[in-house]
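Chain nomenclature is as follows: A, B, C and D, assigned in order of appearance, with residue numbering initiated at 1 for each chain independently.
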Amino acid sequence: MHLAVQLTLASLSQQVLVGLAETTTLFIVSSGLSLVLGVLRIPNISHGALYMLGAFLAYSITRMLGGTAAGFFASLLLAPLAVAFISLVVERFLLSRLYERDHLMLLLFTFALALVFNDVVNIVWGAGYRSMQLPSMFQGSFSFSGLFLPRYSLFLLCVGPLVAIGLWFLINRTKIGKISRAAAVHREMVGAVGINVSWVFAAVFMIGCFLAGLGGSLVAPTQSITQGMDASIIIEAFLIVIMGGLGNVWGALLGSLIFGLTDSLGVLIWPQFSIVFPYAAVIVVLLLRPAGLLRSTW
Amino acid sequence: MSEASSSLAYRLRSLRRLETFACLAAVIVLLLLPFVLPDFYVYFAALVLVTGLFATSLNLVLGYGGMYQFHHAVFYGAGAYAFALMLTKAHAPLWLACLCAPLVSAVLGFLIGAICVRLSKLYFGMLQLSLGSLVWAIVYRWYSFTGGDNGINEIPLPNAISSTTGAYYLTAVVVVVCLFLMYRIVNSPFGKIFQAIRDNPQRSEAIGVNIRLHQLKGEVIAAFFAGIAGVLYVVVEGTVVPDMLFWTVSLEVMVMCLLGGWYTFLGPLLGAAVIVGLRTFTGAYTEHWSLILGIILMALILWLPEGVLGLIVKPANSKMELSAETGRK
Amino acid sequence: MLRVEGICKSFDRFNALCGADLHVDSGKIVAVIGPNGAGKSTMFKVITGHWKPDGGRVLFRGEPISSLSPHQICRKGISMAFQIVNIFNRMTVFENVQAAVLSHRRQAGKIFRSASKMAVGQTMEILESVGLRERAGCIAGTLSYGDQKVLEMAIALSTRPKLLILDEPTAGMSPEETAVCTGLIRRLTAENGLTVLFCEHNIELVLSLSDEIMVMQGGKTIIQDIPEAVRQSPAVREAYLGGAP
Amino acid sequence: MRKLWALIVCLGIFFCMPFTACFASAAKPIRIGIVDTYSGPASYYSDDVRDAFLMIVDKINSSGGILGHKVQVLTRDDKFRVDLGLSEAKELIMREHVNILMGTINSAVSLAVSDLCKKEKVPFLVTFGKSAKITGADGNHYVFSVDENTAMIGKAAAIALAKKPYTRYWIAGDDYEYGHDLADSLWKNLKKRNPKAVLLGQSWWKLGEPDFTPYISAILAAKPDCLIVATGGPDCVSFLKATKASGLNHKLAVYMHTAAVSIKPLGMDGPQGVLSTDTYYTYFPETAANKKFVAEFEKRYHHEPNAGALAGYLAAVFIQKAYKKAGAINTEKFIDALQGTSVASPVGKVTMRAFDHEVVLPMFVGVTKKEPGFKYLVASDIVTIPGKQIMPSIAGIKAARAKH
């Protein structure tokens, strides 16, 4: 192993910045997964498929609105909403019948959902790949003193904290957040108090899936939108969630930071084997703290 | 009441006798198959047997041990890779490769198991999934050694076992022997205690069982048999690819166990036959295989969580679910 | 035989146990009573090793056991029947008991012997003694609630314990079942020379069965004495009647 | 028990159904099986392979077939998975008794199926798998390739790059066979032609990498003159986007195989000035044959053909020509006839090299640019490198096969 690049402060800080932008999408996707896992106790394998669906919907919505910047921003809102609506239908008609089953069944059921979503995408959008453009305001990059940062990465860096703050507000300041936090710890108790847990669950599931759709629509303009783009993100999201502590949204933030930064710094240090770094980080964390970094909700 | 229970015991015993009889018949049918069927179906039968062995080895820990074995394919792939690498890189004699490959799987099972058994249920499964993904990533990346995404082709095998019929007979014999061994294991004290841990880990600890150690042993045994299945896969297909270790394969095999019924011994084999059959033969009619699999799986979970064989064996314990639930409350 | 000295255990900020003491002498039947949430079940789980205490120690025959794991404690000769039914649902009654017997005989690791012929005599003997022989072939999960509790006790007995811990043995039972169960406990202890530690809400049962009674409240021991003395104790009266003189 | 029997009967009927279909066909058409990827991103090319192939086959059939036999085509979707592809290939060979097998875009499947075809003695035409091993080190009597391979791409790119003044290189690509093979071949040939070239470093990302920005910033930090991108399929599009977003193409030279084709989905927003090697453009060569082919294809499928269509076209005309030359529907005669055969194609006369069964294809080198009259960036200043110059050396292949 040799250092391919002279490690300078500049290149290091550049890599950190870029890694943080990558963290944003990881955090958005994995926090949704973590929320669903914590409150509903569903290891939602179809989360990745919903992310993919979000990307495809963002593509279609942007196109329908004429491919303008306004269309892109509209798609950032509408595509996740559409995903959330689909997830609501799925939750009400299918998942709500299965809450009492064990995790294994739920895992397999969501795997089935992922399979179905994949083929639905195949039927609706065709088998090939799609590509959408960044709105012109996000094209190009900023450069200052030898560093460069794509404008869109900067945009992502702004969106990440916004989502985190929104989640914090939702969990700590709203009724639904409080109920769901209680439900995550004592499900029976909340039901006994007379709160309709079923609808709280539906709402939380929708929010979780909204985040998956948001992640998908955020990455849609930067990569080609294809079937199977869910296969790697879902594993990464699960790794992040177990690294952070099952069901802990802040754990998801911490996990995605570790994952995103080891990934981007790994590229700088040992580009040929950079993929190994995040995995290694996960294993080290889990060897030291088998139950994740932060307290899990159960 | 005693009448009822003795008739129940009788029924169980007669069921067991029926099973033995059916097994003998099945072995004879298996031996005669290549004389009746065209080549392709012989190959298909071999593939079903290999996948069935793989699924049964998973069921050893999943159905009988109650462990959330989310990434069993790693051991399957490890066996296959160890076998292929020993033949192509080390030019080892065939018998040695056959012997060592499952041991490599077992060692991997020990390593992964030793890390994972400290945790239980979902954590166990998730950690295993991530460790397995790491193994996959290494296999996929390590070009000079594993051949990367192309896998290993042109594995030198004598014609006697690489021809369709030869591979079939080897597979059939090995699978039957392995199934017999696994049946013995399931019904041994080890297997009984394993089932006890599945039903109630807390209780098992309280009767003096070291459940971590027991689960680790189970993991190693299951990995060993998965490794054998991996070797047979190489014999039947003549190739090894990193796809074998991908996480979706593990879930597909889990679906086989679920479909056949994971509280039954032969369920996974039946599930493997149905899934492999559907996958092979629907290809001629439709490209929407994953949609079909998804719908089958949903229907199973909603209406048939005990699996097909589970449904048939059910009369013996139909009341169980109900009172088990009331008992829990 | 068993000494519990000042054990503490807290969950989050809630102190389930803070300095509970208990001693059980060989051959005695000791009952633990106290209001809900007094820490009875927690103490039992600490004794059997399911939870590690935050402070204090547990001695069994003079040996500290609080750092051991449940299966090691079981090997020392302590066996417990749980409050919530804890049997192996999907296995037959016979297999339930057999598993415990095999584990006790240290045959759990035997992989290539058929279990169906092993330990049959001893298993059937135990089933006979608790009156479940007829049900041997039934799937355990299909038994009636009372029978499941009895089976639970049978499993606990199968490891040949020196000390048997029963966590609310008759909770949820009908009066008839309770009577049967009480008789069973009395007979089994007499036959096997067991030392028994149990907790129970049914005061009549406690008074009729136990040699000594320990009273707990708020995670502390209030008193441990013979039933008559406990009945007279002002401290107990205070605990149960909420400070009335 | 009754349920069990019902299940067994149902399964039996299901599995025997295709059996009956097998016996029903009395006439004996030429059966051609295609195993390829029809779901997921790779289908962008494999759909065109199939479509162009079917288009030519329809023409053949409507003019009376080959030697009086109609051509029948069976397709199977391997989902980019080797195990599926292999079992489908076996199904096509053993159950459907195909005369010829074709496919597939996944080199791993191509290699595995090629091994099988050697055993089963069925000719196998690789349509879009680009591993040089297929007809190189792992080549055999039954496998043919009708598209370019990584050895050829590498050689063509080396020829093009050696003419440029760059010396400091960086290689980046998909971490799978295609990327590594391409990079190896390119670097070996470039080093021969330009001994001053130095390799500063390499980065390999996973297939389907969602975010290239960390890689790009790491590459920029090393300040190379030229970046060689060895990536394929949808990753080309993603990488071109990242190139544009980061302004990479203004800071250093970028080379990528099929850049000028992959840039199409980006419309006018693709990065300019990317050096590209391609085997086929709809707008080049500007010959009557190509214009006719494009027009026919567009009329039938309502979109422009891509490089996959050329492979599909070549496969069909090679099969037709070889059977006609052989004069009988016979595998060995077919193989003998196919070796060294030439056919006319949209890119001119194309020959199947007899020794290694690799097609001799010309390669077009161009630079992406905005051109009037196009809705997307196109390759400009196109230089054609004749097929003969880029073919891998026979001596090299012999050596590689001997080592095996």
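As a convention for this text, contacts are C-beta pairs under 8 Å (C-beta built on N, C-alpha and C of every residue); 3 or more make two chains touch, one makes a residue touch a chain.
Keep in mind it's a predicted model, so treat the numbers as computed, not measured.
Central chain assignment: B. Criterion: smallest distance from chain C-alpha mean to the mean of all protein C-alpha atoms. Ranking B-D and B-C by contacting C-beta pairs places B-C first. Of all chains, the one whose CA centroid is most distant from that of subunit A is C. For this pair, subunit B with subunit D, the centres built from the Cα atoms lie 37 Å apart.
Centroids built from CA atoms put subunit C at 48 Å from subunit A. Averaged Cα coordinates give subunit C a centre that lies 72 Å from the centre of subunit D.
With centres set at the average Cα position, the gap from subunit B to subunit C is 40 Å. Contact of a single residue of subunit A with at least two other chains is seen at positions 122, 231, 275.
In subunit D, the residues that touch at least two other chains are 38-39, 175. Going by the touch rule set out above, the chain pairs that meet are A-B, A-D, B-C, B-D. In the complex of the two chains, the subunit D residues touching subunit A come out as 38-41, 43-44, 47, 80, 172, 175, 200-206, 208-211, 213-215, 217-218, 220-222, 233-235, 237-238, 241-242, 244-247, 265-267, 269.
Taken in their complex, subunit A has these residues touching subunit B: 43, 45, 94, 97-98, 101, 103-105, 107-109, 111-116, 118-120, 122-123, 231, 235, 238-239, 241-242, 246, 273, 275-276, 279-280, 282-283, 286-287, 290-291.
In the complex of the two chains, the subunit A residues touching subunit D come out as 4-6, 8, 10-11, 14-15, 18-19, 21-22, 25, 122, 127-131, 133-134, 138-141, 148, 150-153, 219, 221-224, 226-229, 231-233, 263-264, 267-268, 271-272, 274-275. By the touch criterion stated above, subunit B contacts subunit A in their complex at residues 62, 68, 70, 115, 118-119, 121-123, 125-127, 129-131, 133-134, 137-138, 141, 247-248, 251, 254-255, 258, 288, 290-291, 293-295, 297-298, 301-302, 305. Listing the residues of subunit D that touch subunit B in their complex gives 1, 3-4, 7, 11, 14-15, 17-18, 38-39, 74, 76-77, 79, 81-84, 86-88, 90-91, 93-95, 107-108, 111-112, 114-116, 119, 131, 133, 138, 175-177, 180, 207, 404.
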